[in-house]
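Step one of this worksheet: look at the structure below.
Should a chain be cited, it is by its letter among A, B, C, D, E and F, assigned in written order, with residues numbered from 1 in that chain.
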Amino acid sequence: MIYMPAFSDLLTFMRLPHRKDLSGADLAIIGVPFDTGGSFRIGARFAPGAIRAASGGLRRYHPYHRLAPFEVLRAVDFGDVATVPGYARESADAITEQLRQVLHPGCVPIFLGGDHSVSYPELRALAAVHGPLALVHFDAHTDTWPSQYGQPLGHGTPFHRALEEGLLLPGHSIQIGLRGPLPAPGDEHLPSRAGFEVVPMDELTPFDAGALAARIRRRVGDRPVFLSFDVDVLDPACAPATGTPEIGGLLTREVLAVLRRLVGLRFAGFDVVEVLPHLDPAQVTAITAANLVFEFSALVAASRPARGAQPS
Amino acid sequence: MIYMPAFSDLLTFMRLPHRKDLSGADLAIIGVPFDTGGSFRIGARFAPGAIRAASGGLRRYHPYHRLAPFEVLRAVDFGDVATVPGYARESADAITEQLRQVLHPGCVPIFLGGDHSVSYPELRALAAVHGPLALVHFDAHTDTWPSQYGQPLGHGTPFHRALEEGLLLPGHSIQIGLRGPLPAPGDEHLPSRAGFEVVPMDELTPFDAGALAARIRRRVGDRPVFLSFDVDVLDPACAPATGTPEIGGLLTREVLAVLRRLVGLRFAGFDVVEVLPHLDPAQVTAITAANLVFEFSALVAASRPARGAQPS
Amino acid sequence: MIYMPAFSDLLTFMRLPHRKDLSGADLAIIGVPFDTGGSFRIGARFAPGAIRAASGGLRRYHPYHRLAPFEVLRAVDFGDVATVPGYARESADAITEQLRQVLHPGCVPIFLGGDHSVSYPELRALAAVHGPLALVHFDAHTDTWPSQYGQPLGHGTPFHRALEEGLLLPGHSIQIGLRGPLPAPGDEHLPSRAGFEVVPMDELTPFDAGALAARIRRRVGDRPVFLSFDVDVLDPACAPATGTPEIGGLLTREVLAVLRRLVGLRFAGFDVVEVLPHLDPAQVTAITAANLVFEFSALVAASRPARGAQPS
Amino acid sequence: MIYMPAFSDLLTFMRLPHRKDLSGADLAIIGVPFDTGGSFRIGARFAPGAIRAASGGLRRYHPYHRLAPFEVLRAVDFGDVATVPGYARESADAITEQLRQVLHPGCVPIFLGGDHSVSYPELRALAAVHGPLALVHFDAHTDTWPSQYGQPLGHGTPFHRALEEGLLLPGHSIQIGLRGPLPAPGDEHLPSRAGFEVVPMDELTPFDAGALAARIRRRVGDRPVFLSFDVDVLDPACAPATGTPEIGGLLTREVLAVLRRLVGLRFAGFDVVEVLPHLDPAQVTAITAANLVFEFSALVAASRPARGAQPS
Amino acid sequence: MIYMPAFSDLLTFMRLPHRKDLSGADLAIIGVPFDTGGSFRIGARFAPGAIRAASGGLRRYHPYHRLAPFEVLRAVDFGDVATVPGYARESADAITEQLRQVLHPGCVPIFLGGDHSVSYPELRALAAVHGPLALVHFDAHTDTWPSQYGQPLGHGTPFHRALEEGLLLPGHSIQIGLRGPLPAPGDEHLPSRAGFEVVPMDELTPFDAGALAARIRRRVGDRPVFLSFDVDVLDPACAPATGTPEIGGLLTREVLAVLRRLVGLRFAGFDVVEVLPHLDPAQVTAITAANLVFEFSALVAASRPARGAQPS
Amino acid sequence: MIYMPAFSDLLTFMRLPHRKDLSGADLAIIGVPFDTGGSFRIGARFAPGAIRAASGGLRRYHPYHRLAPFEVLRAVDFGDVATVPGYARESADAITEQLRQVLHPGCVPIFLGGDHSVSYPELRALAAVHGPLALVHFDAHTDTWPSQYGQPLGHGTPFHRALEEGLLLPGHSIQIGLRGPLPAPGDEHLPSRAGFEVVPMDELTPFDAGALAARIRRRVGDRPVFLSFDVDVLDPACAPATGTPEIGGLLTREVLAVLRRLVGLRFAGFDVVEVLPHLDPAQVTAITAANLVFEFSALVAASRPARGAQPS
């Protein structure tokens, strides 16, 4: 028997089969290598490749959820969508269009960003499938500004755009981990004015994973959920390679504890964004993102109504 | 309208006006690019530049204190003082002299070190303005040794020298976060023998920000305060790029929580020291220092007797 | 008087005398520069040198245990054992053989790995001196797999091999900090099936150092103890430069708190493994390992029956 | 007397005075921190800051040209122009507009890019002052493609756009150092079809600085010259931190030899582009760019009709 | 039309189709992610992935040979072969066996090493198809030692093993670029004693690409050629990230000049070995290797007897 | 037989015996870990350790000189001398004093700097043994300034100090590779005014090793020679990790070619200075320095009057 070592033949995320047709898939890894939306440090266009490379360190069985997600689910790696570097609007349209052609109600996408501006075209494509979505948003920043440097698209505006277009259910949405200096007085009220529930970092000390998970579950109820994870919600100690690090963030063990308590939500999609490989010499940030993708996959598997019953 | 992106035109800290004359200033950022005092890893001479570059990631409004410090305060960036690389004594004298020419009672300096030896000339200049000061000292090390490698000046001796010269009020001073191996038995008693209150790291587990802040406030009372922040009080996870890292330190969120509870102290000056940019590939340590400078600025703004009433 | 600066003349760990003959030594630092056993990221062959270089930042007196370990103990740096790069079996035999020639009951070795596969030959040599040992094992991974890539030796199998050969007392052994995805369902039960007590990371939140130390003490009793420390038990924030990082780990301050409560155990040997210097640009992982070696040394010194009574 | 060490007070390029008004200036350093045009590796938005930081290593007198350029010339550092990150067209317009407001015939700008797309707005502003310009273009790539990823603006198209708008004198322009694989057959003829003279890398072995300088001088004659220097014309050994490195390039000593032979040309402006600080751990690429800026300055000083006669 | 940016969807080398069946292929990229054979610095197991990632910077048309190799040739990316980390002998056998199952006379493999020990199993598989091969070997080291650390397999022994097994035609083989200190007197004569022609670095100053190419062509004649390229033949300036760098090597432009003059040889296979991504922060070494793979591909395309006539 | 792998047991340079008594030694490696003299980038205090670590990649036989220097010579590694960090004068005195106690006419020291200021105390100690010395000085900078930042000691002044004290024979001294901008007009004449012969970089194009070696030999004649090698004489491509890089320097192959032609000079000592390990992520600069030390050793061995005749 030939064993394929962890670092070998890693063309896709955890060596999932590569498919551009998602029709038979329950779960799809989709790269969105885009960073034209970044306002400060940049380079997330290389994140999908870096996260795939980091996935070599992952093993297939999740001992907490007691399942191997890619045995429970028919999962594929789509590769990346094309973008239009340097053209924010054209990119948002191109991403949306490509996703619309392949997404379907039975397939949960996990997007590998990209800067956070990619959530907007992702939500356009997902809402076309599921209708408006509940948002569970882990981030140091609210990303609901109406504009960035005077323009509509950027990594600070995706959820403003999504709200304008009715892609989200603000009354079932929640933002977690907000902190850090803001551009203007009142900006801390942007999300609540938009109808979001807000859990700033200040309220997470001491951290109570059970209470936070309960709050999330209460908020989203049985609506279809888009979970958007900006790695800057983590402390820079845990995720140094990101565009706009904010000190004083969460530890990965806190994040894992809350994620694992979200079994049973109606997950419609996920993204993990703002990994900048050029600033990640020990690859810790990419490894963290790869682990999150694995956690999301296990969460999808553990949340299926009749898990184990699907055709092999 | 032209928006200046975060990474642009960053000649000064947060693009503050550059002034060599501090007469009209409430707050001044002053670089002290000196590392001749370092005993192990070295390179803090590049820290003022790195902290200014990292300040591009900061926004202007502080949501906890609910103010934009540089609207409340007339703040400037002085640039750097000149030093005499390789000559500890001459440098201490040159730094003191330059500072004495510009400091005045109405202006709170925030010094960007430099290794920790810069606190000694800073204190000489500040005490000339305010008289002896209460010291609030965050550090893994006590820095009160009588000599370093047989010599009087170095980053291990600034507070010994300052005490000798009567620049500090030991009965109103406190050192926080001390830990790690020591050169000799009894060294753990150096600060208390000097009259300082000491809060070693062992007493900070579990961390209680409120209790620590109360202890600091009690200690310093209404005396003019010099807050000296060596980034090695932080865990190396949070501040890897420093001269003498000590494992087992504070998290940035713990430090922020205690700093924000110090509103109302009579702040006479601050420094943030021991950032080594050459060891900071993801710039996390410089970003942390830049955030601390912003926190200090907000603390000054929030602590002004009649804040908001100053002429614009 | 000439003071030797911290960064100078660092040919050995903390400038201990270099001796290939351990007959008069109470404690020996022994490098095992081997990484042929690594399954993913690699480079631990350079760890002994990097840990020695990082030891320059250490001072000689331990304020918690109130002793200078290398004054209490006759300690030496053996340098490294020879290995056979690329040949796992031959290396295990060569390491065992070299160690057997020098180890003796009065000398506690602290091994600088190397990937974790080095614990197997270390245990073969130690058990020849002490008989079977109690294992106190800090690690994210159980390292008790029966094979790795179809072969018997690797950094995932040392404790399986050691158990097979009767080198361990499973009923007095304990593994701490296990977490992360596993190769196959049931792998989480491998250690307990082998008779080990297991403390997965999930049980360590919130972290209670006293409780954990008590559990360890209860488990090992008065048996001779081998303490094996894989730096990946730490969160990647604290130890980024390791072969198979697992997010959600321990902080160094938590580890220090538990280690310091283990005074009085019958320590027969230690290792610290899986430091990869090429992935450690700020040297934080090597510095952490050097500190752990110092902690182990202090623990040995503090645990001696009649400490202070040995001939100087 | 106070000496300001090389690493101190470096708010501007070589500590030139900072002026937003160029009316009295002979030479101006102008940052264009833009990288939305990059097609592969990215991060040139941080290049102006990195080049200024690297300028600390420069001294003021040029021994080959026997002059101190900033004593001969009234030189200033403008700081940076604002850009619109993520919006190529809007950025090109904004850059053009800001430059048009400050450039004048008596002032030679040296632009610190930015990716190479910045040459297009720079040329729009310069041609408004001088009329169409002769181009001396050092680059591994021709950058005259009609489009990039289907769009008009990017770092592969600036000279196509400039030609379309009549900003260049192709009959007096020359491209030097072209090499590497091309997108399509025939692309190697794009520049010559546009009327440029082309000196591919193949023709530069062995390198003859005198012959190349003569060829450049012959080509440009007495026309106003824009010298555009993409650091990727250098071998990646000399300039590793660039967006699209091409192996087999020039050595810096070859480039210096040819540049120094260009005294007397009518220099209207310069840029140095495609430095990516995040990929420059030893800062060699930024240091190279800073040296080139100094060479350009010396070239301007040495080329002035009546140098030394200007009012001090 | 959708353009796929250079950094996107890079699952394979230059986005070639991924095929595990080579039956219809003229050329195959095959990763051999193995570094158990390394004697000093290590990490080549990650090279195939890093070279594929670096291939994003390549464009498809080769202007010197005037062809797009992957339009002329039916080329695929096989992905990687499995190895047995830590087991040199078992790995050599496993690699040989996997290659034997897929190689055939019509397909030229380009192997992405791996340390140089991989040439031995590659040659075993290639000689099974072609019979003994002429070797064109670019390397700082001869790699014909009879043993390494007392063992038969390692990156210093592949050509000794290959000669023993009759896989090479020493009378038609040539080694280029040898230099640096040697283990023992007489080692400089190992290759010539084995029958190889040797061109040490000393004979390559000044470098004459035409003469060297003629010498190679004369040596190999019309025999099937295996071209093995160890990146350490290059100067460390051009290829810093390699296992055993030797100062004083070739420049990439020199190597390109000689390679391009080898059109018409009967190429049976290539490898590029000893890239260590962990030591390659600006990725220059991986980029160099990717360019060499492209050069080899173009050389195969340009050397086909009736190029252009194959079915599309 | 046990083979010690290259990366193992590297406590000294190439595992030479460690001796603090040089009485029986022909050659001694002596670290001078000092960087208080640096004017810009800093960190050479870690160079001796880094060069020793890099020496693992060296093998023992020199094929050009056809000897194994450490079989011909009784060579030892002294370890490091103590310095006084932060105190230039005290350090110069301490270094001189320590060296004077151990140097003797029969022993050639090879000093591992340190910044270039260490040449001054080295020369004081060497001249006490040999009388005034001929200087062969490879450097981008002349290092004969009368002061640095207004002070007498620094890495820009060692040869001025040495000349003042009559330690050098200027009429037999030569400086090679000078280039780059200078502090003031006329500085290019400092060395010749001091009586040195000067070979600026401009005169080394094209590079003719034979001519340069002849010029050096002619200059020094039969006087005792101190060869001082600042790695910044090399192009930054070859030696990026240095304090004041100057573009346009020599390639290592050029340097090797000239050094190897210096057999027969009366070498009294060597140093290699200005390696900054923190800026050397691929360790290329330290590897280069280690190779130079090996070259110097071979040169000493090859230059002995009756080589081979010494007692074993």
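We take it that contacts are C-beta pairs under 8 Å (C-beta built on N, C-alpha and C of every residue); 3 or more make two chains touch, one makes a residue touch a chain.
All figures in this text were calculated on a predicted structure; none of them were measured in a lab.
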{"item": "Chain labels contacting chain A and also chain B", "value": "C, D"}
{"item": "Most remote chain, CA-based centroid, reference being chain D", "value": "C"}
{"item": "Distance-maximising chain from chain B - centres being C-alpha averages", "value": "E"}
{"item": "Turning angle required so that chain B lies on chain F, C-alpha fit (0 to 180°, nearest 5)", "value": "180"}
{"item": "Equivalent interface positions on chain B and chain D, same or different at half", "value": "same"}
{"item": "Cα-centroid distance, chain B relative to chain E, in whole angstrom", "value": "55"}
{"item": "Between chain D and chain A, distance of the C-alpha-averaged centres to the nearest whole Å", "value": "40"}
{"item": "Whole-Å gap separating chain E and chain F, where each centre is the average of the chain's CA atoms", "value": "37"}
{"item": "Of all residues in chain A, the ones touching two or more other chains", "value": "3, 5, 7, 39, 41, 45-46, 84-85, 149-150, 235, 237-238, 279, 281"}
{"item": "Contact pairs between chains, per stated definition", "value": "A-B, A-C, A-D, A-E, B-C, B-D, B-F, C-E, C-F, D-E, D-F, E-F"}
{"item": "Of chain B, residues touching chain A in the complex", "value": "1, 3, 5-7, 56-64, 66, 68, 235, 237-238, 251-253, 256-257, 281-284, 287-288, 291, 294"}
{"item": "Sites on chain F touched by chain B in the complex", "value": "35-39, 41-43, 45-46, 84-88, 90, 117, 148-151, 153-154, 278-279"}
{"item": "Touch list for chain E against partner chain F, complex", "value": "39-41, 149-150, 180-185, 187-188, 201-202, 205, 235-238, 240-241, 244-249, 279-281"}
{"item": "Chain D residues touching chain B - in the complex, by the definition given at the top", "value": "2-5, 7-12, 18, 31, 33, 45-46, 48-49, 52-53, 77, 79-85, 94, 98, 281"}
